[in-house]
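Okay, so chain A shows up in both of these, paired with chain B first and chain C after.
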Partner chain A sequence: MNNNTQSMAFDWRGFTGYLPFLVFILMLGYLGYSAPNLLTAESIDLILRQSVPTVVVCLGLAVVVIAGGDDVVSGGIDLSIPAAAVLAAAIIADQLTNHGTAFVPALSMAMCAAMLVGVVNAFLVVRVGMTPLLATLATSVATVGITKVVTASRRINVDHPTIVGLRDNELYGLSVGVLLTMVLVVIFYAAVHRSKWGMNLQAVGGNRDAADISGIPVRRMLAQSFVVASMAGGLASVFILARGSGSSPGSEENLLLEMILATFLGAAFSPRRVVTLWGAVLGAVLVTALSIGFKSIGVNVFWTGCIKGALILFVVATAALATGKK
Partner chain B sequence: MAESGQLTSSTGATFNTLAGSFFRQFGFLLIIAAVFGFFSFYATNFLTGSNLLNIVEGSSILLILALGMTYIVALGGIDLSVGIAFDFGAAFAIVALKNYDLVWYLAVLAGIGGGLLVGLLNAFLVVRLSVSPFMATLGTFFIGSSVQRIFTNGGGPISHRRAPQEFRNLAIGNVSGIPTEIIIAAVVLLIYYLFLEKSIFGKRIHAIGMQREAALVAGINVKKYLFWGFVVAGATCAIGGIIGSANLRMFSPLAGYSYLLDAIAAVFIGASLNRSGRPSVTGTLIGVLFLGMIANGLNLMGLNFNTKDALEGIILVVVLMLAVYQQKAMTHRQ
Partner chain C sequence: MNSLLKMVAGVAVGVATLTVSMAAVADGHLSLAGKKVGVAVVGTQHFWDREAFNGAVDTVKKLGGEVVPVDGGRDNQVHADNHDILLTNKVDAVISILGDGAVEPKFEALKDAGIPVFTVDHSSPHAVNNTTSDNYYMGTTIGRYMADSIGGKGRVAIFNAFEGALRICGIRAGLWKYVMQDYPEIEIIQPELAEAFANAPEDARKKTLDFLNQNPKGTVDAIHVGCWDQPAIGIVQALEEAGRTEIKVTALDGGPETLEIMAEDNSPFVANVAQQPNLIGSTAAMNVARHFHGDTLLPQTYVDVMPVNGAEEAKEVYEQLGYGKL
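This part shows the complex of A and B:
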């Protein structure tokens, strides 16, 4: 009897667990049906190119969530990655266009700035003991403020050959940006799933006390996760510049929305409902596919925030119902 | 590694002398005093009666939003959609006046209704669908922002120059010399103080925030309190939006966003001033006035708009850091 009810409950949970994925496939199917050119090679290429910045920031967030656990309030979260990415983009744009700096020094400056954000996050969370949510929300606001000083709240166009090449050049039929991102995904995968560091990281996220007892430097791992996340933010800046042909003020808000949606959507796809690298990457590509799909069937651009917000809630609600969590 | 960690904490304990404990308890008040002193010295006209009144008046709207936030944080949650409730309050009030020619007090009610809608959505998500407050209010934030863009066709403001004088007076009027804004904020403050700090409901709310399971076992209807918490917080923030719209005689979409972090910061600064490290109404009041003082002082120092934004952000990070540090230090000692 007891066994029976358990298995029934499991089936039901299993079903609600797959709901987000089903709804997603249905939506994509509908979009593919109403906009027949959405599923052509050409537009899949476009989707991949457009999703690159989101994929890269999602890698960063996935690392933080894997290390901190996936409770959004007390666990790991980093809301400042998009802000760090946009700051780095602003610095590169400003250096390339207004100061005539070469690409590599400009990128190094941007990476330093982005990683400084990560170091501050790490300090606030690990040393001071702030919750990651509060700490990264605060640093993200400060970072947006600093970005305003760098750009004077103006758009900066970039036509530097490296940035343009990242967007336009192709290798084996794939955009260079997409290829580089694939390399990044593989590096992150190797680091998180195929290295000692990654195993320790996952141990910390799985059970912090157990990890501590088995001698893993928990605090150091947590701190490193924030720095790695900000590094991903810094790297994303190059792709943001390539996608938008420059840096625009205020672009962090949409990136934040896509990053959170993609990462937690990815968790809904994973069998154990946890945030994973692959899930986050897949989520980022699917979210971009949805945005482009809605645009191509003529949905008003202002509606996309609404649809994505509703999607986040739907995914999180079904996940909560599936695990029966309070 | 673990050994050295223990070592530092034990030496830290021996340094826990009178001076140390004094700083832990009053350190943040010292910082407030120091900032006050700095601005009195470096920002001309900071320390004048009319400017101090300016600070209080300029903090009114933030205080109202921060009180709504205090309620939710006391319940153990967080509300990222206070700005949306603010915007909806402003939008509903202005549209009621402009398109439906309603009397001013009905417009105020409409505005509060707008905030209630936002609160109801949050409450439904958190209580019915068991979404965590963070995710629920984040979703509300994105949906609410998108709705405003759709409604205004991209984010242009809706202005209503011929708003009735009674409505405008909510922001710019005064009652025997005291600005109406301050009076409204004071009334909201008093109600929140009596409710959260002096009533049995407040005790239960704090109990839920501290130990939800224990509160549940003790027979408190946790879901009911969470539900009404979000609804009341939404309505409260809408009051802030109504005052804001009365001041400018227009609704500017997404204006409420700028209050979000300040509201959170004020609550956490306030919590750090408390012995128990819990959010409280008086603590929030002090936090709000402190933030108002910083904004006002930086303004008077004549800084560039972008620089001011960056500085405020950095100061906020530092202040929050000190606040949480002090809070941890105090709660660890108990």
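This part shows the complex of A and C:
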């Protein structure tokens, strides 16, 4: 009888999980109606191109959240991915433009630096036992500081053919950057959802104690998730450089906001309301579409920051409500 | 003789009146009715950017045009991306305010699509016209005023992050240095300081405190900000915190906040050159209308600046620019 009453009652918590998704779809519908050219092939191409750096950093954050669990405070989170990405971009720009280094060695140096950020995160979280939120906030601040040292807080223009090609070239009507990102998404998907490593990662995120008992090296998996995340940050750097034709200081803040918004919005796409790789990718594209939509209909620029902040609050709060304990 | 003078004066007044009224007639013909004008601004955080943006937006509307406003949130890459949104929205013209090298490929794409670009404080080979202050005069005047304020000798520091990244800053800081060549007893402290683009006052405050620790009392005579004045707000705070207000501060832009600081009793902030950002933005919008009217525009339109030397002049200019009374 009791069970019966429960099953008949409206599943409020499940509904809460769908709310961000519903709100975003309604908003997109409204934007598509107000700015009809938002749904043209040209605009969709623009949305995909502009979402590239966000998609790539979201891949990294998704891995950390999947491994650490999606409690916003105590679960897995990595705020330092955008900072690592911007550091890597600065190193590549500095090497290509100021030192005449070839692209591959420059990229290798940048990847090493970005992954070092991940190693420090892993050490702080797994060894020292800091909460990921605080540990990665600290490394983020430090990484931004190192970036300022590398660039002396100045813009570095890049006109290396690889970066320009990534910006301008197309293949089968799609930007090379978008295609490469699709390849990255497939690789990350295969690793997280189709490999033994990925299964273990999900097991650790689902129930750490159970994973431990069944012999999964929990601490090692957690550490690896941070290194993989910073690797995604390192890879995002080339797309950041292509997008800005160089490295301009201060681009990590906006990327951080969009990454958090997109990844947790993406949870609304999964049947269990948890952060997934596909969800994060879709979330990133949706967030970009929304941002372009608002600009296309000429929303007062003084309101856009407010709207973005409110959306993040809404998405994170509903995520907490949907997964929280009664 | 007297009557001749009167006649000359009469003719002069007549010619002047005619010129003014012709300009008024010409402007009366100007219209942006039926035109969609994109206004891209790098950020609206600082007075200058906001006023230039407001001036452009208000004037486009006044001339009957429709505005598509986009704000980069003080992130040069987002600012550059925003031009793509204007391109897909098929605006008739773009007014682009500030921005670094990241916007150049975007201007080129707009030009290729037949959309004329009008810049504010950003010279570009892809723009029809750039509206700006007389940066040459600004750079030399502030150099002379600063040198005078320290008696033509001493050690000076310069915040100079953008000399290489923005042409306007190259002119302002470059000409300041040109003036310094004639003061052999003034030493520019190396390395130069570099301010951040976003949250400049707080960033400059911290950097100045560090700088003061490294350079004890009696070793610094002035701190100059090479291209703008937002950092000067933080510099003055730092000097007051450290009790080092004997160090003179000079900067450029002359927004209301910095004029207020200059007007305070015994302010270390001694010289500035005030710009008219609202008029600059508005002039850029008028230039768009002139372009569509078929007028030929010069590559650069210069808007008058007002040198501000000392507290009394700060009060006068504050009133002249309509900021109120101090």
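Here, the second predicted complex is superposed on the first by the 302 of 326 C-alpha atoms of A that agree within 3 Å, B and C clash if a C-alpha of one lies under 4 Å from a C-alpha of the other, contacts with A are read in each partner's own complex, and residues count from 1 in each chain.
Convention: contacts are C-beta pairs under 8 Å (C-beta built on N, C-alpha and C of every residue); 3 or more make two chains touch, one makes a residue touch a chain.
If you're wondering where the values come from, they're calculated on a predicted model, not measured in any experiment.
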With chain A superposed, do chain B and chain C clash or fit?
clash
Once the structures are superposed on A, label A:298 by its partner contacts, choosing first (chain B), second (chain C), both or neither.
second
Does the superposition put A:40 against chain B (first), chain C (second), both, or neither?
second
A:224 contacts which: chain B (first), chain C (second), both, neither?
neither
If you stack the two complexes on chain A, which partner ends up touching A:153: first (chain B), second (chain C), both, or neither?
both
Who does A:244 touch here: chain B (first), chain C (second), both, or neither?
second
Touched partner set for A:137, first chain B, second chain C, both or neither
first
Considering only touches as defined above, state whether A:260 meets chain B (first), chain C (second), both or neither.
first
In this superposition, which partner touches a larger number of chain A residues, chain B or chain C?
B
Please work out whether A:51 is in contact with chain B alone, chain C alone, both, or neither, and reply first, second, both or neither.
neither
Regarding the shared-chain residue A:276, is it in contact with chain B (first), chain C (second), both, or neither?
neither
Flag for me the stretch of chain C that overlaps chain B after superposition; candidates: 7-15, 25-33, 43-51 or 151-159.
43-51
Overlap of the chain B and chain C footprints on chain A, listed as residue numbers:
148, 152-153, 300, 302, 304-305
Which of the residues in chain B end up touching chain A in this complex?
1-2, 78, 125, 129-136, 138-143, 145-147, 149-150, 153-154, 261, 264-265, 268, 306-307, 309-314, 316-317, 320-321, 324-325, 328
So in the complex, which bits of chain A are touching chain C?
35, 37, 40, 42-43, 46, 49-50, 148, 152-155, 157, 167-168, 240, 243-246, 248-251, 253-254, 292, 295-296, 298, 300-302, 304-305
So in the complex, the part of chain C that touches chain A is made up of which residues?
41, 44, 53, 66-71, 73-78, 80-82, 84-85, 88-90, 100-102, 104-105, 161-162, 164-165, 191, 194-198
Within the complex, which stretch of chain A touches chain B?
71-73, 120, 124, 128-130, 133-135, 137-139, 141-146, 148-149, 152-153, 212, 215, 217, 257, 260, 264, 300, 302-310, 312-313, 316-317, 320-321, 325-326
